[in-house]
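Each of the next two complexes has chain A plus one more chain, namely chain B in the first and chain C in the second.
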Partner chain A sequence: MAEIICGARPAREINAEIRRAIAAGDREIIVQDPGARHNLGVAILEPVRIRFVGSVGYYCAGLIDGPRVEIDQSAGWGLAESMMSGEVIVRGSAGNGAAAAIRGGTVVIHGDAAARLGVSMKGGTVLVAGRCGYMAGFMGQKGRLVVCGDAGDAFADSMYETVCYVGGRIEGLGTDAVIERPSADEAAWLDSTLAQYLPGARRRGEDFQKVLAGRKLWNFDKREWKVWQEAL
Partner chain B sequence: MCGIVGFFVKDGDGQAETGRTILDMLRALGCRGPDSAGVALFGAPNDGRFVVRVKLGDGGDLKSRAWQVSAQLESFGGTSHFSTIGAYARFLADGQTDLRRLTEFVESLDRDFEVVSIGHCLEIVKQTGSPENLENTYCISQLKGTHGLGHTRLSTESRVDLSHSQPFWSHGFPDLAIVHNGHITNYHQLRRRYEQRGVRFYTENDSEVVAIYLAQQLCAGSSLQEALERMLRDLDGSYSCLVATERQLGFVKDPFALKPLVMTETADFVAVATEEIAIRAALPGVYSVREAQVREVRVWQR
Partner chain C sequence: MSDVLQTSGTFQPAVIDDIQAKAASGLYRIRGWGTLRERRWATFDDLTFLPCSLTRIPLEGYREKCSTKTVLGTRFAKKPIQLDVPVMITGMSWGALSYNAKVALARGARTAGSSNTTGDGGMLMAERENSRTLIYEVLPSRYGINIHHMRMADAIELTIGQGAKPGTGGLLLGSKVSDVIAKQRDLPVGVDQRSPARHPDFLGPDDMIIKVEELREATDWQVPIFIKMGASRVFDDVKLAAKAGADVIVVDGMEGGTGASPAILQEHTGIPTLAAVCEARAALEDIGLYGEVQLIMAGGIRDGVDAAKALALGADAVYIGTAALIALNCNRPLYIEDYRALGTEPHHCHHCHTGRCPVGITTQDPELVKRLDIDEGAERVTNLLRAMTLEMQMLARACGKSDVHHLEPEDMAALSMEASAVCGIPLAGTRRIFGR
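Up next, the complex of A and B:
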C-alpha cells in the first residue's frame, strides 16, 4: 500500500506519484488531503484501488479503465468523465456533469448529483442515493442511470437507449422521454444493485419509475412531419 | 470565467477574521481570473454613520486628488475621519446625509472620481491584478467583519480597470454589494430600460446591472429572497451571483446551471464559492460541500 500526502503540491506531481506507485506494484493507494484539487487520478488504466481522503475538484477519475476510485467527501465537475471500466465511489455529493460520456463501469454517488448527470453516456451504470439536478441523462446512448431521490427538470432529454430509473419525484421530463413501470427483471436488478452499492438507500426496485426514450425524436422519417412535430 | 466567493459568520460581534478568510478563498481561485480582484466586507456599524469609499483614479497624482476631496468635503458638511489608502479616499458621513447628493457632489469634483461604496457596514476594495496585489496594497487579511464577498475577474467583454472590477455596489442603495460569474445576455435591453428611467451606469460590465436590478427590487419592498427569485425571471443568461446586505448573504444560480457554485453550511458559518478548492483552502475542518442546483436561491440572515 502506498500513502501520498498532497500537502502544497500541484495536481501534476500528485498524479505522477500515483503512477510511480502503480508502476512499483502497489495495488492500494491512499491520497491524503486532496483539498478539492482538480484533475486527480485521471487516465489510470490498472485495476488498482485509489482512495482520496477528502474532497476532489474537477475531472477526478476521468478517462480511467479498470481502477476502483473512492472519494471520501465530494467531487467537482466532470467526475469520471469518459471512463471505460472500473468503479468510482463518492461518499458525498458530485458537481455538474458527473459520469458524462462514460463507456462502462459503475459510478456511485452517496449524496446528490448536480446538473447534467450522465449526459451522453454510452454504457455503464450510474447510481445516485440522493437527487439529481437539471437535464440528467441528456442524449444518453446506452447504459443505466439510477436516481433514488428526486430528479430535476428536463430529465432524460433527447435520449437514445440509456434507461433511467427514478425512486422519487420527477420535476419534469425532457423531450421524448416517457415513463414506464420497470419489469420484474429490472426490479430485481435494481434490488440487487442497490443492495450491493447503496444498501442505505432503502428503495425497492418495483417502486422506481422507469424512464426511456419514446423514440419519436430519433426514430422518425423526415417526411413524417406530424410525428416530428409532436415529439418536440 | 471568474471566481466568486462569499463568507458569512452566523454569530459573533463582527470581529471574525473575515478579511483573512475571503482573501484565502480568493487566492485559491486566482487562476480563474487574473485581471482584477476585489472584496466587499461588512464590519461593525459606525454609530449610525455611513462609511464612504471613493475611487480617486486609476493613476496620476492621487495625493493631490485626495487633498481636493478632503478640502471640498468641508464645504459639503457632515463628514469626518477622512483618510486615503492606495487609490481610495475613505471618510464617514452623518447618518442623515442625502446619499444621492453626496455621491453627485463627490463625483462632480473630478471625472475620475467614483463613489465605490457607501454603507453603515459595507466597504468595497478592488483593483486590477491578483488577490496578492490587493493584499499588498490594502492589507485585506487584517480586516474584521461579519460577512463578505470576493471576486477574481477574467475580463471577457469590458475594460480592465478599477471601476470595471467587482464587487459592484448599487449606487444610492447603502450596504448592497454583488459579485457575479457569467453573462447577462439581456444586459443591453435592461440597461436601455434603466437609462430611460434616469439610472446612471458607470461601466460597460454586465454585472453592474445585477446590482442595479436588485437595488430597484429592494427599494420597491421585495425581500432579498423575492428579489433573487424574480431575477431568474427577468435576467437571461448563465450566471451565478452572490449578494450581501447589512445582515444577509444570498445566492442565485441560473436557469440552466451553466456556471459553477458550491456551498457549505455549518453551525458557525456559511461559505459559498465557484470551486470547492476555495472553501477547503480557507476553512479547515470536517463539513460537506455541495453544488447549488439549477434555479436555486438561498438567503442567510443574521
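Up next, the complex of A and C:
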C-alpha cells in the first residue's frame, strides 16, 4: 500500500506519484488531503484501488479503465467522465456532469448529483442515493441510471437506449421521455444492485419509476413535428 | 410582352424548390457538402500575390530551397508534431466516411508527410496503423471515446464546433448508421444520430481550462492540445481558447464541409475563412501569443494558392476536407447513373447525407465502398497534398521567401475593397486600406 500526502503540490505531481506507485506494484493507494484539486486520478488504466481522503475537484477519475476509486467526501464536475470500466464511489455529493459519457463501469454517489448526471452515457451503471439536478440522462445512449431520490427538470431528455430508474418525484420529463413500471426482473436487479452499493438507500426496486426513450426523436419525421419543436 | 423567360430575383428556382420540398416534408432540409451560396463575400480569390521585381529578389525555383516543414504544438507539449507539409487532413468521421475513405486519407497523408484526424465517431484502428501523425478528436458527443486510443495519438483536438454548422452538433442520418457504425458509437442501428452541441462535462471557457489540463494529464503532457472551433466571434473565441491553454487553435470558416447538416446552417451561419484568419491573427497578436500558439485555418481550402494566402495572413498550416474527398473521386464523372438516381450529376453532388455516395466515399454500403480502392485513393491524396505544397512553394519563392511560413500580408494586394477592409491590405492600384 502507498500513501501519498498532497500537501501544497499541484495535481500533476500527485498524479505522477500515483502512477509511480502503480508502476512499483502498489495495488492500494491512499491519497491524503486532496484539497478538492482538479484532475486527480485521471486516466488510470490498472485495476488498482485508489482512495482520496477528502474532496476532489473537476474530472476526478476521468478517462479511467479498470480501477476502483473511492472519494471520502464530495467531487466536482465531470466525475469519472468517459470511464470505460472500474468503480467510482463518492461518499458525498457530485457536481455537474458526473458520469458523463461513460462507456462502462459503475459510478456510485452516496449524496446528491448536480445537473447533467450521466449525460451522453454509453454504457455502465450510475447510482445516486440522493437526488439529481437538471437534465440528467440527456442523450443517454446505453447503460442504466438510478436515482433513489427526486430527479430535476428535463429528466432523460432526447435519449437513445439508456434506461433510468427514479425512486422519488420527477420534476419534469425531458423531450421524448416516457415512464413505465419496471419489470420484475428490473425490480430484482435494482434490489440486488442497491443492496450491494447503496444499502442505506432503503428503496425497493418495485417502487421505482422506469424512464426511457419514447423513440419519437430517433428518426427525423414530420409526424413527430411537435416533439422535434420541443427537442433541446 | 417579352418572349424572354424571366426569373425572379427573389424566388429563384432553388428557392422555389426549397419551399416546395418543405411544403411536402414539413421539415427543414438536410444535406451534405457545405455552403452552396454564390461567393459574394471577400474570399482568398480577392487577393493576389505581389512577386518580386526590383524591390524584392525572388528565389530560384530550381535550385534554392523553400522549406515547408511545419511544427505545431510548441507552447506546452513535450512532443510537438512535425510535418513535412503545412496541409493537413481535417477530422471526418468513420460513419460520415467509409472505412476505405478513412484508410486512404490516412495512408495518403502519411506518404506526404502530413497528418490526418479522427472525427465524430472515435478512432478506427486501421486509421492509426496507416497514419504517421494522427490527431484524435474529442467532440461533444464523445462517440467512441477511448482513453487507449487517445494515448496512441500524436495530438488531441478538443472540438467546440465546425465551420459548416457552428453552434450545433454533428448529424449522421440513419442510412449510414449501419451495424458496425452503431456498435462503434453505442447507438441503435438506423437512428438519425444527432450529436450534442455542448460538451457533456464543461460549459464555458473557464471550465475548459480545467478540461484541457485533464487531457494533458491523460496524455502525460506529451502531445499538443488543439482547440477547434467554427468561425463566428473569432476575435474573442481565439483569445479564450488561447487562455484555456491551447497549443494550437483551429478555426474553421463557413465554407467548411460536412457530411450532413440542416441546409440553413451551412448557408447562413459563421463567417468566411478569409475573415476568420484575419480575426484569429489579430486576436493572438492582441494577447501577445501570435507565434507561440499556432494557428490552423480550415474551411473551403481548395489548392496551394488558398493555402499560401492563409499562411501569408497568419496561419501556420491549413486543413483540407472537401478537397481531399474530391481527390478520392468525389463528384468525379464515374457511375453517372448512380448520381442521377440521387437526382444530381457529377460536379453538382452534395448528397453525402444519403449514404448513397456513387464513388464509395460517404457511404456505409459495402458494395459502394468497394468502388473506392484504398491504394489508388491514397496515392491521389498524396498527390494532391504534394501538388498543393509545390504550388505554395512556387508562390513563396516568387515572393522571395525561403520558407512558406515566411509569407506575410505585405506579399499581397487586395482585388476588392471588401478584401482590403477585411485583411488590412491595400487595394491594388492604391496605397489605401479601406476602412482605415
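Operating definition for what follows: the second predicted complex is superposed on the first by the 218 of 232 C-alpha atoms of A that agree within 3 Å, B and C clash if a C-alpha of one lies under 4 Å from a C-alpha of the other, contacts with A are read in each partner's own complex, and residues count from 1 in each chain.
Just so it is clear, a residue touches a chain if its C-beta (ideal position, glycine included) is under 8 Å from a C-beta of that chain, and two chains touch if they have at least 3 such contacts.
Since the model is a prediction, treat every value here as computed from it, not as a measurement.
Once chain A of one complex is fitted onto chain A of the other, the partner contacts of A:Gly133 are limited to chain B, with no touch recorded for chain C.
After superposition on the shared chain, chain A has more residues touched by C, the comparison being chain B against chain C.
In the superposition on chain A, A:Trp77 makes contact with both chain B and chain C. Once the two complexes are overlaid on the shared chain, A:Arg116 sits against chain B and chain C alike.
Judged by the touch definition given at the top, the superposed model places A:His38 against both chain B and chain C. Of the two partner chains placed by the overlay, neither chain B nor chain C lies in contact with A:Thr106.
Of the two partner chains placed by the overlay, only chain B lies in contact with A:Gly54; chain C stays clear of it. When the two complexes are laid over each other on chain A, chain A has residues 38, 57-58, 77, 96, 116 in contact with both chain B and chain C. Residues 35-38, 54-55, 57-58, 73-74, 76-77, 92-96, 111-112, 114-116, 133-135, 152-153 of chain A are the ones touching chain B in the complex. Residues of chain B that touch chain A in their complex: 256-257, 260, 262, 275-277, 279-281, 288-294. Here chain C touches chain A in the complex through residues 25-27, 30, 140-143, 145-148, 150-151, 173-174, 185-188, 190-192, 194, 196, 200-203, 207, 210-211, 213-214, 217-219, 221, going by the rule given at the top. Against chain C, the residues of chain A that register as touching in their complex are 11-12, 15, 38-39, 42-43, 45, 57-59, 62-65, 77-78, 81-82, 84, 96-97, 100-101, 103, 116, 119-120, 122-123, 138-139, 141-142, 158, 160-161, 217-222, 225, 228.
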